[in-house]
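When the chains are written out, they are named A, B, C, D, E and F in that same order, and each has its own residue count from 1.
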Amino acid sequence: MATVTLMSDEEAAGIPEVAAVFADIRAVRRSDVINDFWRGLAHDPATLKRTWEGLKAIMIAPGPLDPLTRELIYMAVSVTNGCSYCIHSHTAAARAKGMTDAQYGHFLAIVGMANQTNALVTALGIAPDKAFQVS
Amino acid sequence: MATVTLMSDEEAAGIPEVAAVFADIRAVRRSDVINDFWRGLAHDPATLKRTWEGLKAIMIAPGPLDPLTRELIYMAVSVTNGCSYCIHSHTAAARAKGMTDAQYGHFLAIVGMANQTNALVTALGIAPDKAFQVS
Amino acid sequence: MATVTLMSDEEAAGIPEVAAVFADIRAVRRSDVINDFWRGLAHDPATLKRTWEGLKAIMIAPGPLDPLTRELIYMAVSVTNGCSYCIHSHTAAARAKGMTDAQYGHFLAIVGMANQTNALVTALGIAPDKAFQVS
Amino acid sequence: MATVTLMSDEEAAGIPEVAAVFADIRAVRRSDVINDFWRGLAHDPATLKRTWEGLKAIMIAPGPLDPLTRELIYMAVSVTNGCSYCIHSHTAAARAKGMTDAQYGHFLAIVGMANQTNALVTALGIAPDKAFQVS
Amino acid sequence: MATVTLMSDEEAAGIPEVAAVFADIRAVRRSDVINDFWRGLAHDPATLKRTWEGLKAIMIAPGPLDPLTRELIYMAVSVTNGCSYCIHSHTAAARAKGMTDAQYGHFLAIVGMANQTNALVTALGIAPDKAFQVS
Amino acid sequence: MATVTLMSDEEAAGIPEVAAVFADIRAVRRSDVINDFWRGLAHDPATLKRTWEGLKAIMIAPGPLDPLTRELIYMAVSVTNGCSYCIHSHTAAARAKGMTDAQYGHFLAIVGMANQTNALVTALGIAPDKAFQVS
């Protein structure tokens, strides 16, 4: 079930911009697998390239947050959006980056709690305390 | 602007269950301040108590995720839900727990990227790769 | 703060379709007040009329759900969408229709719980049990 | 997987209000197909009729926005809500109304970008610039 | 499709905290069935227990809102979040608690209308009328 | 109310990467005004630059969708996310690009209708018709 076809390696080979991104994904990920997200996105090479470059800079390049923390933030967004594909792929990525069962359980508890208190304060309609406002 | 009044310390003093929670918040937080969220929620003492006990167990008690990581997950949920109060309070909490400007910038980049790719894959309607599925 | 002006009674008097809807709102609500939502929507008379007629049929005309239950459902949607205007107006409407403080507290607890379990099951990615599926 | 049965033409034939809507859908769409959405909604004839009449007035009748633009707006809402059925049906409708692959790619890029900047500004908690406020 | 395995009764029997919750679910629900949500959540016994205890207090214990009204509120949240599992399970629960087809039709109409007006007022950016604000 | 300070031109002048983006915004927009969104984002120059470059490529550079259609898609996403800043800024942008009152009214009607039918079909839990599925 999808609104697009998933581009095969054969098709990708005929579109230089796509072939270059697929090759870079394989090199950076050190794996021959190209996930279906990239195969679906490949019909628009500019968006494919912009998305992959952004993801590489933010999720893979060195930065002030460690790889597992990045995945936990990504998972939290994806759960709150209800994005099934994203939840599955980033939960798998978090496990690959060392997430333990205990950490996953703790993550779930936080995400559940945050969604609960978000709903409560939204229902109450309370403005942020002055002390929380930077400007 | 709110759908409820914010319970004062005087009112709270007259409701033992509320007074006990307010006292515990002050003890655990080592601060005399009770945030407006708790003052708005106090009209339903059972929900006040259940919410505070849950938050204490998940966000404050020792656990497999460190305090800053917990706040980043909470912030990611709150941003995605668009909960202004929660965003302000947990961004302040993250800073109090040591979040640097560079880490906050990295957090923003991840949350923006995750919301972008969530939208893209949702639009494409692609099911999670088999390799991501545990069962 | 708004993206449109709020139409005054003077302006409305000059647009027969709007004037008719405003008159009907006053008659049905037995109040001279026209809420700002209708004043903002009035710039598009067709949408104003369609929305008011739908609301009257669903929220005011006799039906199998009682008036307070209807407001609680409306509030639950509005909280989950984070629509501040809707939360405020329908919480006020629910109180006008007899919602007690205890019922409001119970409502808050359910909405918080539902948002929590929604997030948990979404994170787990579990499909509905066969027994829950009608077709 | 559904919470209701999908009403067959045989069943619909026995409920005059439903039969009339199904006939009108077939006439307006110039196709014998009744999509599953209408078959699921048909158990409540009043909601079926109100929804179809609204859709016809807004999406099919002449109006200031052209048919493809209407579908792109519908798709943007559906992607942001994560409504799989709606995404699939309105992407198909947009293609039927002439959406090219390049336009679809551009649409995806905008929807991804909008979700990204929405998250960023929401995280920053910044109020709309005065210049953007009409009243 | 899930991000976790569904814990069997055999596995649960080896984890006292999980076994106790499963036994309590069976006793309270007077049914031998343990829904998949609990089986997925069981890998984190603390979250399993906290969630079940909260649900029991809010959805099953006596309270100011009747059982069907509670389910309708839960359904409204779940639909607005787009949580397929929750929609299916709580629609089934509502039917088990006496929801008629007419009530379900009315519920759908309200949820559709609320999502429509939420979007309209959010687009207009109108602040809540003063009369709706308690503090 | 914000979680960050809004960077002044004086501060920006001291950070070459930020100064360059601000200068480019002014050149491309042919206006001296830098909106508050950019001033808030400027504390993380890499995200500022990446976001502006993406926006410029997608919303300003020539492409298969005309400028007004792009804004309408952006507005539809922003309304559905409930992002007040984004709604205000892109509604203003749409007007600057020629959106008439009639087109805005039609836009509102579509966004309201789409949110209504999204909720209805999500509640019904119906899978996309086979005919809508490309793969």
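One rule holds for everything that comes next: a contact is a pair of C-beta atoms (placed from the backbone, for glycine too) under 8 Å apart; a residue touches a chain by one contact, two chains touch by 3 or more.
Note that the structure is predicted; figures quoted are calculated from it, not measured.
Enquirer: Provide the labels of all chains in contact with chain A and in contact with chain F.
Expert: Per touch definition, common to chain A and chain F: B, C, D, E.
Enquirer: Looking at chain pairs A-C and B-C, which one is connected by more C-beta pairs in contact?
Expert: Between the chain pairs A-C and B-C, A-C carries more contacts.
Enquirer: Hey, which chain ends up farthest from chain E, C-alpha centres compared?
Expert: F
Enquirer: Averaging over Cα atoms per chain, report the distance between chain D and chain E in Å.
Expert: 27
Enquirer: Quick one: report the Å distance separating chain C from chain D, using the average Cα coordinate of each chain.
Expert: From the centre of chain C to the centre of chain D is 21 Å.
Enquirer: Could you work out how far the Cα centre of chain E sits from that of chain F, in whole Å?
Expert: 34
Enquirer: Can you list every residue of chain B that touches 2 or more other chains, as numbers and ranges?
Expert: Residue numbers touching two or more other chains: 1-4, 6, 41, 46-47, 50-51, 54, 57, 77, 79-84, 87-88, 91-92, 102, 105-106, 108-109, 111-120, 122-125, 127-128, 132-133.
Enquirer: Please give the residue numbers of chain A that touch chain B in the complex, ascending.
Expert: 1-4, 6, 33, 35-37, 40-41, 47, 51, 54-55, 57-59, 63-65, 69-70, 72-74, 76-81, 83-89, 91-92, 100, 102-103, 105-107, 109-111, 113-118, 120-129, 131-133
Enquirer: Where on chain B does chain E make contact in their complex?
Expert: Touch residues, chain B against chain E: 1-6, 46, 50, 54, 57, 127-128, 132-135.
Enquirer: Could you list, by residue number, the parts of chain E that touch chain D in their complex?
Expert: 82, 84, 87-88, 91-92, 101, 104-106, 108-109, 112, 119, 125
Enquirer: Help me check something: in the complex, which residues belonging to chain E touch chain A?
Expert: Contacts found on chain E: 1, 3, 41, 43-44, 46-47, 50-51, 77, 81-83, 128, 133.
Enquirer: Which of the residues in chain D end up touching chain B in this complex?
Expert: On the chain D side, the touching residues are 75, 79-80, 82, 84, 87-88, 91, 108, 111-120, 122-125.
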